[in-house]
Amino acid sequence: MSVADEFVLDFARPERIGLEEAVYAAGKSPAQIDAILDAAAVREAAMLLTRLEPGKHAALADRHRARLDYCAVSRTAIFGRPRPVRGPARIGIVAAGTSDIAVAREAERTLAHQGHATTLFADVGVAGLWRLTRRLAEIRAHPVLIVAAGMDAALPSVVGGLVASAIIAVPTSVGYGVAEGGRTALDAILASCAPGLTVVNIDNGYGAACAAMRLLHAARALAPDPARPGETA
Amino acid sequence: MSVADEFVLDFARPERIGLEEAVYAAGKSPAQIDAILDAAAVREAAMLLTRLEPGKHAALADRHRARLDYCAVSRTAIFGRPRPVRGPARIGIVAAGTSDIAVAREAERTLAHQGHATTLFADVGVAGLWRLTRRLAEIRAHPVLIVAAGMDAALPSVVGGLVASAIIAVPTSVGYGVAEGGRTALDAILASCAPGLTVVNIDNGYGAACAAMRLLHAARALAPDPARPGETA
Amino acid sequence: MSVADEFVLDFARPERIGLEEAVYAAGKSPAQIDAILDAAAVREAAMLLTRLEPGKHAALADRHRARLDYCAVSRTAIFGRPRPVRGPARIGIVAAGTSDIAVAREAERTLAHQGHATTLFADVGVAGLWRLTRRLAEIRAHPVLIVAAGMDAALPSVVGGLVASAIIAVPTSVGYGVAEGGRTALDAILASCAPGLTVVNIDNGYGAACAAMRLLHAARALAPDPARPGETA
Amino acid sequence: MSVADEFVLDFARPERIGLEEAVYAAGKSPAQIDAILDAAAVREAAMLLTRLEPGKHAALADRHRARLDYCAVSRTAIFGRPRPVRGPARIGIVAAGTSDIAVAREAERTLAHQGHATTLFADVGVAGLWRLTRRLAEIRAHPVLIVAAGMDAALPSVVGGLVASAIIAVPTSVGYGVAEGGRTALDAILASCAPGLTVVNIDNGYGAACAAMRLLHAARALAPDPARPGETA
Amino acid sequence: MSVADEFVLDFARPERIGLEEAVYAAGKSPAQIDAILDAAAVREAAMLLTRLEPGKHAALADRHRARLDYCAVSRTAIFGRPRPVRGPARIGIVAAGTSDIAVAREAERTLAHQGHATTLFADVGVAGLWRLTRRLAEIRAHPVLIVAAGMDAALPSVVGGLVASAIIAVPTSVGYGVAEGGRTALDAILASCAPGLTVVNIDNGYGAACAAMRLLHAARALAPDPARPGETA
Amino acid sequence: MSVADEFVLDFARPERIGLEEAVYAAGKSPAQIDAILDAAAVREAAMLLTRLEPGKHAALADRHRARLDYCAVSRTAIFGRPRPVRGPARIGIVAAGTSDIAVAREAERTLAHQGHATTLFADVGVAGLWRLTRRLAEIRAHPVLIVAAGMDAALPSVVGGLVASAIIAVPTSVGYGVAEGGRTALDAILASCAPGLTVVNIDNGYGAACAAMRLLHAARALAPDPARPGETA
Amino acid sequence: MSVADEFVLDFARPERIGLEEAVYAAGKSPAQIDAILDAAAVREAAMLLTRLEPGKHAALADRHRARLDYCAVSRTAIFGRPRPVRGPARIGIVAAGTSDIAVAREAERTLAHQGHATTLFADVGVAGLWRLTRRLAEIRAHPVLIVAAGMDAALPSVVGGLVASAIIAVPTSVGYGVAEGGRTALDAILASCAPGLTVVNIDNGYGAACAAMRLLHAARALAPDPARPGETA
Amino acid sequence: MSVADEFVLDFARPERIGLEEAVYAAGKSPAQIDAILDAAAVREAAMLLTRLEPGKHAALADRHRARLDYCAVSRTAIFGRPRPVRGPARIGIVAAGTSDIAVAREAERTLAHQGHATTLFADVGVAGLWRLTRRLAEIRAHPVLIVAAGMDAALPSVVGGLVASAIIAVPTSVGYGVAEGGRTALDAILASCAPGLTVVNIDNGYGAACAAMRLLHAARALAPDPARPGETA
């Protein structure tokens, strides 16, 4: 059995669920990734790779590496031509601390890959609340917010109590002791006293971006039909 | 210090975040709840109570009980006049098993309290996939889905791979052994291979409903302005 | 061996560590508690009992029950004559939600038992930040703060970022799902990004009060000697 | 005491339980493994080694390395002459994702070592259900299925609801955040709503293969005796 | 929405996966169970109910209770006419201690309901190994073994090292301290040094029985075709 | 977006909460830390860095490294001119074992950076109680104690039963098996039978020092006003 | 199958391992226990029952109840004639707090049942170290010590650092918050810095007593043979 | 403060508790260990070092390394002249698998360092019970047994059911998946159905040896005084 038999690409995914397939590189060998990119190249498909460590990136075939836009901070790579990013940013990405930037960038690049503009708000955690409040009006202007926070993850609770936007929180594994691995951040968000927060897996900036895109898809479906006056979403 | 000093109602919440305050009854005494309802009655405010056990409901003052619409299955009560439910259902509530109905009903009543119609799809878990597939077209027609599932919570993954709607999953505490308490269901959803699922706390039908309302709020903000032709969400 | 051989009261504790012995009633039989109170009565000692469930309180000997000041909310009882509470309150007790009142009251009564005045700030959790900020000046005026919070316990982080007071946080077991039992609240406080918070065990209002009294003791030792001008603590 | 005293090979195992002894290399030094292979060579016994990291493989004595058929993907080595693989495949090995191939290969090689043919179905996870359904008839034709899946491990539940075959599920440690280490995959399978799934330890492809061989052994014992007409298994 | 809309019976299950649907009573109300039994009665279907507590059994409609064969030890009920149990027992059920009998009985009755004979071996745990060894020949004569054990669950390991039969282990929640809830028993079996054990969820006698039936199904498919001489399974 | 947009320094922190901002280096890249130090240099601000691994320290810009006082044991660095340490030590730092020194040094250097003298008591764990008792008088003379202990962390309990000082315990991750990671030490302190201990996160010497400084701040506020005779703290 | 087939008594246990069989009543029905006692009565065997709740004790057959020496504190019952307790106490039982008495009594009665005298030292926990030190000489005079402690379980560490006796520690489930269930106490003892402590399961006073009897057995085997002068143990 | 102030050697330990101090090298720097050995050298004391990784051993001062008897398998080193090992082995060390040898050797060398002979029984785990039974008589002849086992740790239960000796079990971290880290092995032993097993921390061969020496100490104290005929231990 060859490497090419070890994967089945889901090119029908966009039609089915509105999201393009991405390649989770963490559990795959360079040979497997090369074979996947070969298949993508044949179809002239663009493709996002996540969790691609620098060492594995370096081990890919030269023919592919040349076509990859690689970002070591977020460990993402974009293969082929990304869609152009259009329009004003409707999605805000809020990072509690400087250490949460890697996760925020993963979300940002996933969205950019599919043509969505975003605004990044960095280092606005609650230890100095003024850093959040001075940017609150700007944040509130984004109907969809991705909020990345580690340690105690108090930021999503505070934001959730102050703005009406849809909030997708991403707990991060930043921290040590009881915070190590991100379980405390995850559970704190799930237990938030601010109503209506949603959560994705620890460090899952990619998943948060996909959730935001599902939300945009829902918004289009919910949009009032101008032809039927008086209807509201 | 009297009981009335033990709470501070947040009547400004709807203006701030688009959601009405609800009373989490589990940790409160009947005396505290009675005092809260007195304050609501003075303002002629409607109010949702969650996690109100039958015994505690029975212990409330008669003057309040008469004005409560109580549902023992979901342990919710609606005080005062709820908003009328309008328009076609845009939010689908999908319950994996019969045992997940209590959580689904909590979401349904929270949404009804604020005027939102929903469609309930019950007992469509993956052990008999045909139960899901025969209703898939109907489910897909709802731009927003709340999916409640316990045990292994495979349903949100399968739904997430088949529809493009925004998905808010609610793990439930249904099950025994490793499933007891709902942590397995929660973690399985967070770890889902279907991209873009979001999650709320275990058994948190109320929170899922609030997340759905934030999403509707975002959809309104994202709606293309008919005055600016050509713009898309 | 009689019941009287099953305990050894530590009447020397105040001299040694500045705190009076208290009786943890949860693991003791009514017969054991009666014997302990007999021993206290002989010495005319006042004594605090914690975790005394109403049923166990009712099962105590009449001669003791008559001398007990019992509070069912905090499940504490004070035996004998408490010290008079003197002076202005220097210790603030901040409770995130109405459901955290039981723990706050345990701290309040432990301190009152030893003569310390306190101010209670109830229901100031971060879901409605205005509830906290409108009382911030008052809170800040207390050099020592006990902050009780369950669920995500975001309140201690926010308070810790806004005031310079010494903060003793008490996680509470309020909540369900991932919040059940209080571990999430505990870990969130330990992982707080606000520097210098300290924590005690879940629901341990008694311990927080003891920590506050140790702190007052330290403050007396640290106080500048007026005889030595220019010295600062 | 010499290295040769540190192990006792169980050459009677096949007669006793129908399975040949295998060497778990993870906790053994190269010197210990060399001594074990010496003992096997003396008896001209074939032997499977599992969890043999490339570095440890490289550190073995040359005389043994020459006789080892090593597979770095599955970290298995077969020493000596394996039995010939005979007949059509009755055991299907289903891998949810490309990242689960290593575990699937461990099962495949364990079975091949004892003469059993298998069919591998790779990358048929539920995120794109069509990948599973298009191969369902083939999968169903195998009376015994080993299903390897990580993350949320929804695949065994779905397969279990669709086919009647005996199913041995292997949770894998593929994933990050709550999925890291494989506990979520394990618990999700144990909690499956599909009846009659069985499970082995995380990443234990070897154990799943052994369970399949026990099952084949049982099948032989259960086979109707042609001499006694009318009897059914 | 009526109770009848809250469930969807899977009467096609036997054709699909060879197992009849069973009703997990734990999360269902008496009204829901009554409605399910009404539906079964209409089709003259027999049906197994699991996790039916005595109190809930007593609350069912009289018309159904009269047709239920209820066993309080295993909390199972069989509705309607069960299949006759035929032939010699090929499945052995081994219970480590007297306290594991409830789980063993659940497996036994699930199998009896579908016509399979079993032999029960009770109280053969390893604390007195002679209790196991004196019955070993009998146990070994059963090609399929269900082994229920709590506490340290050493029994499946010992049995697995002594017999070649297919083994489905059921950890039980018997025990206290670290054994409470059954996680230790579960993990001990998964970590067993005896190769080829399989496991189901804690206390899941029903699931073990289903796994045994899948195995019998596989055995029938694997049986050598007498028409093709020389073929072996 | 440049690196300079990824952080927001909180230079107002001392005025607000009495503590200077410190930089948690663990999650930051050398480029980010360099940018932060550039910003500090512009303001001529002194700054503490914690969790700065030797490798990352070596990767910082030469212009900054020259101004850093780096301590590899505690992995802390002090940038710029620290405040002079004044007066007699009022804070004792007690380390249970030699392995807890790293954490103790982190606390010591954090306090020194802000001008506070400390006394270190090393290797006084309870396995040899005489090591503690021979220094007890000295320890007791410090109104504030930071007690670092790993493994079973029995030391804070014993100290708490012997002295009246305010105690801030720091569990350490020293140990293996059940002690690995420090959770056992943390929980043991939280569960201590000695009343009034407070705790910070595992290995958080920095946080313990901040808590001590909050306490000194409270002591100043609690100090009797010489102008109002008769008042006591 | 009758109840009598559900158990197999191990009357050969004393000859094999020096300990008499005891009946763990927690998982057994009154009918099962009655049948076991019938079997014991036939052989005129004495028998210890552990974990026998008052309600279950009351449900036993009158003929057995009359012959049971029942202790509600330790939930143990002794059936038939116990051996006479002989000689001076060589085993000390040390209970940290009054709440640990139940476990201590279980150990005491298990030993008394087999003829061993013990001394109980109650309420000597480390919160008031003088309570321990004033009895230290007496404690040290016992070559074997069973030490029961809950919460932080600091007592075994302190005792282990002060006496040379063999120490069998029993963690208890006394406590709340992080102490609930006894895992913290267990882990703290396992992680103790005092060398040579051994541990049994949480609340397992019975097991500690058995371990003490194994130790006495070993001591007899290790005793120097007076016939062979000069030999030492 | 110099390195020499960071430790306090407990040379009085043998007199107090019968055990010599050992140095836990894992958390100490080479400089700290060198200083400790300097102090030992001055007193001409022998000293055991545990958890000394090869790299750290290599980093010690030459003057010390020359006097160290280092064993890389057990990571122990003996400094100075060990006591001569005398007499027949009374302590058996039983290792379940080849991978448990490292822990067994740590126990063996700790005992040898203080003059105690031992017998090692390797690879006698229950997967092939004959390996245990063929050596049972020999094992039984040792009054004290240290039993090291990882994975499911069924061996101590089986041994405990077959021999009367005192048993000190050491769970090991051998294994993967649910066995990783050794918690499963630890809990399985604690939950053992064989009465009277005792346990030490995971991988703690040193602690098991110390417990064995405490036991020998107790045996000497329990030995019948030949001067008082008729007395038995």
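As written, the chains take the letters A, B, C, D, E, F, G and H, and residue 1 is the first residue of each chain.
Definition applied: a residue touches a chain if its C-beta (ideal position, glycine included) is under 8 Å from a C-beta of that chain, and two chains touch if they have at least 3 such contacts.
Protein names from UniProt, one per chain: A, B, C, D, E, F, G, H = Nickel pincer cofactor biosynthesis protein LarB.
Quick caveat: nothing in here was measured; it's all calculated off a predicted structure.
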> Listed by label, which chains are in contact with subunit B and with subunit F?
Replying inline: A, C
> At the place where copies subunit A and subunit C touch, is the share of residue numbers found on both sides over half (same) or under half (different)?
Replying inline: same
> What rotation angle, rounded to the nearest 5 degrees, superposes the C-alpha atoms of subunit E onto those of its identical copy subunit H?
Replying inline: 180
>> For subunit B versus subunit H, what separation do you get between their C-alpha means, in angstrom?
In response: 57
> In whole angstrom, how far does the Cα centroid of subunit A sit from the Cα centroid of subunit F?
Replying inline: 36
> Centre to centre, by mean C-alpha position, how many angstrom separate subunit B and subunit G?
Replying inline: 51
>> Touching at least two other chains at once: which residues of subunit A meet that condition?
In response: 16, 97, 127-128, 160-162, 177-179, 183, 186, 190-191, 194-195, 201-202
> Name the touching chain pairs, would you?
Replying inline: A-B, A-C, A-D, A-F, B-C, B-D, B-E, C-F, C-G, D-E, D-H, E-G, E-H, F-G, F-H, G-H
>> Which residues of subunit F touch subunit C once you look at their complex with the stated criterion?
In response: 16-19, 22, 87, 90, 143-144, 160-168, 186, 190-191, 194-202, 204, 206-207, 210-211, 213-224, 226, 231-233
> For subunit F, which residues are in contact with subunit H within the complex?
Replying inline: 73, 97-101, 120, 122-124, 127-128, 130-131, 150, 174, 176-180
> Quick one: in the complex, what on subunit A touches subunit D?
Replying inline: 1, 5-8, 10, 12-13, 16, 24, 26-29, 32, 51, 173, 181-183, 186, 201-204
> Which positions of subunit B touch subunit D when the two form their complex?
Replying inline: 96-97, 125-129, 151-154, 157-158, 160-162, 175, 177-179, 183-195
